[in-house]
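When the chains are written out, they are named A, B and C in that same order, and each has its own residue count from 1.
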Amino acid sequence: MSTQDGPLTETMTTPSTELIVAMEDAAAAARTPMWRRLLKDPQFVVTAGILIFIFMLGLLTPLLTQHGPNEADLSMVNAPVGTPGYPLGADETGRDIWTRLLHSINTAAISALIGAGVALVVGVIAGLVGGYFGKVTRAVTEWTFNLVMTFPGILLLIILMRVTGGDYRFTMLIFGVLLSPGIYRIVRNLVVGVKNELYVDAARVSGLGNLRILSRHVLFVVRGPIIIAGAFMAGSAIAVQSGLAFLGVGSIQIPSFGAMISSGFRNLYVAPTQFLWPSLMLGLITASLVLLGNALRDTLEGSKPKPVKVGRGQKVVERAETQQRDSTRLVEISDLGIAYRGPSGRAREVVSGVSLTIDRGQVVGLVGESGSGKTQTAFATLGVLPAEAIITRGSILFDGEELVGRTDKQMRALRGTAIAYIPQEPMSNLDPSYRVGAQLVEGVRAALGVSRKEARARVLALLERCGIADPVRTFDSYPHEISGGMAQRVLIAGAVASRPRLLIADEPSTALDVAVQAEILDLLRDLQAELDMAILLVTHNFGVVADICDRIVVMKKGVIVEAGATLDVFRNPHDDYTKMLLGAILDESTVRTDPAVVAPAEGAVR
Amino acid sequence: MLVYIARRLGAGIILALLVTFITFMLLSTSFEDVALTILGPAATPEVTAGLMAEKGWDRPAIVQYFDWLAHAVQGDFGESVYTSLPVAPTVMQRLLVTLSVIVPALLLTVVLSTFLGVWSASRGGVVDKISQGISLVGYIVPGLLLAIGLVVIFAVQLKWLPATGFTPISEDPGAWARSITIPVIVLTIGGVANMAAQVRGRMIDELRQDYVRTLRTRGISTTSIVIRHALRNAGSPALTVMSLEFISMFGGALIIENVFALPGYGSFAFNASLQGDIPVIMGIAAFGVLLVTVVNLTTDLANGWLNPKARVH
Amino acid sequence: MTLLDVSDLRVTFPGRGWRAKPAEVLHGVSLTVDAGETLGLVGESGSGKTTIGRAVLGLVRPSGGEIAFDGEEISSLKPRDRRHLAKDIQVVFQDPYTSLNPSLTVGDILAEPLVVQGATAKDARARVKTLLDQVGLPADAAERLPREFSGGQRQRVAIARALAPSPRLIVCDEPVSALDLSTQERVLDLFIEIQRATGVAYLFVSHDLSVIRHISHRVAVLYRGDLVETGTAAQVTLAPQHAYTQRLLLAAPVADPVAQRERREQRRLALAR
């Protein structure tokens, strides 16, 4: 059925409702160029400002000081703060502390430049090469960097003290090489990730050579993390150089924070302030670099994910008044509203006043496209909405009892016993570290409280009931050792173990091959009949609905547009949206009749 | 499995060979300086040449290296050129001192980091803010300043703990504990700063996984999910962090030993390097590499136990 | 006129892990695509249908057999020598969210294949405008980033990118599988409209029989690396000969309760045999 193709203006939604809110905010933020976002972040501005100021001081040293850094005036030994010509005093050999402080800034700056610079250059190039090119290259780079990384750097630097001759620049160069594996890892992982992206494949098909792909598509992704790593590495280099200087590694002619702290430490009782100045300066520089790195990370990589708070109940704005309802219904949802607070702070309603009922033993299909809110409704019934979700209004009655506003502990009593769930994607819903059987046993024991032996027996029986050929073998397998279809059967077995009154199935067959899909639907139908279970089937596939559901409820953008018996809705849809959806289903019989196009049509655009 | 272990040990041995070879080649340029240092004012060209011939330092570097290697694989790492004490036992003894500081610090770090990381990832709120604050402090304050600061407060002002010095555990466990307290605290703070943030990050990622929600729908308790499932999956990468942490603590310990006058590996290396005591330096390098290899191997095996997909059969 | 000729194509993938055995994913598949027609390639996961497409595009190296395009043998070409094929063979991938570089504007994405072929910036800009119009997107889309668009719209951008060098063959790898029902139909019709207007041929890969039926002239069915049936769309999708194709047909649920009940019965009977 051909429809008119005009410019698309409606906003189609993205796969997961939870992402919609975040993505819309992100789209708005996408327009602001990076540097402008950085300038808006006070943490960035302050720390960058401090660092620039300090390093300017270092650059302007000749103008700001009157003595040489190693100029020792024995008459000025341990001069106190405020002595004319020696604003911060003098150290134990009569050298001006202010001058040495400024020179130390330059030493630190050079250390940071060399150390971080070498690490970045070596790490980035190696990461690009190792990540992008073939297996052999990658194996070589891997091995080399593993080698470099396994040695305690400082020890090596000390051992090589004789060779470097104490020149801190050479030492920092070696240190940079020792730091490079960290950068290499980051870059290599990014490159490998990008390399497998479809848009790189598309670029190759478009004829781009490797170099262009690297520079255009890959380098861009790497940019942000490199800058961030650079900030942290600079801090690291300065800290290490100070540490080495403190130990006395290197020429004593070079003024550095480490050397100053060392002599200050020795003079702690005589003149405590000698220790204070270099410590403050070093601390200030390192702290600023770390905070700068954090600020960069927040801006360039987006906000960090927040803690998840697993055990919390769902947030409810106001508890619904518990009215006495018709208790013949198993589930009664009334005027349910669910909203999400996006990163910008605004609350967006994704479910707006949904009401539906499910009778005992009835199979209800909840149909809609992505973003319709169907999965959200299902999750709310289970009490497993994400922590960011807020139930703004409405009530969910299960067998006459109100679910909205229950604590997680109360909900847990129902979950796995009276209300069960099967997810969409079987593989990602099994814990990869545990054997399949163990996970099921854990669930059965939590729900029914039986002994381990008893639980195992039940699970094996269930696996067999759910069509798994060799239950014992599957019981002892890890999730990555079984197929998608088997995994889904396993999950179904786990769900029906306690003979639940309500099974919530979230697109249970979408991720499976069509033949397996049919088998899973058969299984569900059989189980439903055997256990007299009600099923809330969330799906976007009308074929599935036609196969198994007694009633259909159609949702669009958070509201219900139509509900009724399956046959009625299919044959006599009332709502325009429903009609549109049914019309968009591809015909079972229409085949392409126009011939292959040999020559372009008149007036074609080429 | 045995093949795997053999392979890793083999890689470690190759690394040891590489490191010791390079180190020796670099050090071989300074034989003459060392001879001069030993002889002091009595150094005339003939006497110096005589000493070098006597020690065998006038032979080509490669020959000397293989000579050293031949003895090393039999367990004979030579003697210090200054003290004439055998290298291997001294290095081991110094290593034990350093380890007696690092191992408690590492254990404390792991326990605290895991606790803080898991708590803040699964509860958020105040504890999360505190844990992030600790991380920040640990990052910002260089270990050096922290060490000195704590010494000033606890040893000098309050006189609760000794400022310097080390008592072996065999002599007096109580004194030993007191002598390592501040060093361990310093290392732990730095370690927790790094590790707690990592654990937290990985736990947050793990708790967002689909299987967590599915486990909840089975009615399994939150504690069980967080600790038995999420932590186990998050733990595997955390182990790798731990081995890196060990190596980094090793480096940090070197500086700490200087501040606290602990007779450990680091100060030993430092002095030997300063003096050019080549046999000692070689012994230090060799032992260092082997230690790191063992640590990495252990971590890999533990990783395999935790994470079935990474298991090598 | 035969445009694409695949004969006895074999592809082997190395095993995952240290010393795992390699696995042959395609066991000698032969098919042809004529100019201006759509060959639908249908199969389940693991059938190798995506691999065939990737081999034609040069993203996967065959371990046996030949692929000829317009008479020229292309399967053994080095990547550098394939570059001239970029203007003849293009691709539309399944995932609209990862097939467009998120950091480039739509205009840059569409201009890329043109610039590689040597177009000037001015020509590229003009062509981009035409392309956007052809796929039904507004002209100002060129300045926006992919993340500002929906899945269906992004897929249109991907189609526009494929059309940019005026190719003669487009490999479509499950291009509508990740889209909503209503968008699916619209995008499929767009594909058909473009074919009618430009005469481009499609190698259309999908697991969905009804999608294949809607858009293909001829259909080929793949099962575990073997071609089990080919024929016209009507033959294969309405009256299949091979048992596997029949199973596929019966397994797909019909969007009507009564019709579905009948199909279920048919399936039960077929499986009982």
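One rule holds in what follows: contacts are C-beta pairs under 8 Å (C-beta built on N, C-alpha and C of every residue); 3 or more make two chains touch, one makes a residue touch a chain.
Given the structure is predicted, the values throughout are model-derived calculations rather than measurements.
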Q.
Just to be sure I understand: the centre of a chain is the mean of its C-alpha atoms, right? Then which chain's centre is nearest the mean of all of them?
A. A
(Q) With centres defined by CA atoms only, which chain is the most remote from chain B? (A) C
Q) Quick one: chain A and chain B, Cα centre-to-centre, how many Å? A) 32
Q. For chain B and chain C, what's the span in angstrom between their mean Cα positions?
A. 55
Q: Name the residues of chain C that each touch 2 or more other chains.
A: none
(Q) For the complex, give me every residue of chain A touching chain C. (A) 1-3, 5-8, 11-15, 23, 26-27, 30-31, 197-199, 201-210, 212, 216-217, 220-221, 369-370, 484, 513-515, 517-518, 521, 540-547, 566-567, 570, 580-582, 584-592, 594-601, 604-606
Q. Can you name the residues of chain C that touch chain A in the complex?
A. 1, 34-38, 44-45, 57-59, 79-80, 82-87, 89-91, 93, 95, 97-101, 103, 112-113, 116-117, 130, 133-134, 136-138, 145, 147-148, 150-153, 156, 158, 161, 165-166, 178, 180-186, 188-190, 192-193, 195-201, 207-211, 213-217, 233-234, 237-238, 247-248, 250-260, 264, 267
Q: Mind listing the chain A positions that touch chain B in their complex?
A: 147, 149-155, 158-163, 239, 242-243, 246-249, 258, 261, 265, 268, 275, 279, 282-283, 286-287, 290-291, 294, 304-311, 382, 384, 408, 412-417, 419-421, 423, 425, 428-434, 439, 442-443, 446-447, 478, 480, 491, 494-495
(Q) Looking at the complex, which residues from chain B come into contact with chain A? (A) 15, 18-19, 23, 26-27, 29-30, 33, 120-125, 128, 136, 139-145, 148, 152, 156, 200-201, 204-205, 207-222, 224-226, 229, 232-233, 244, 247-248, 250-252, 254-255, 258-259, 265-266, 269-270, 273-274, 276, 281, 284-285, 288-289, 292-293, 296, 306-309
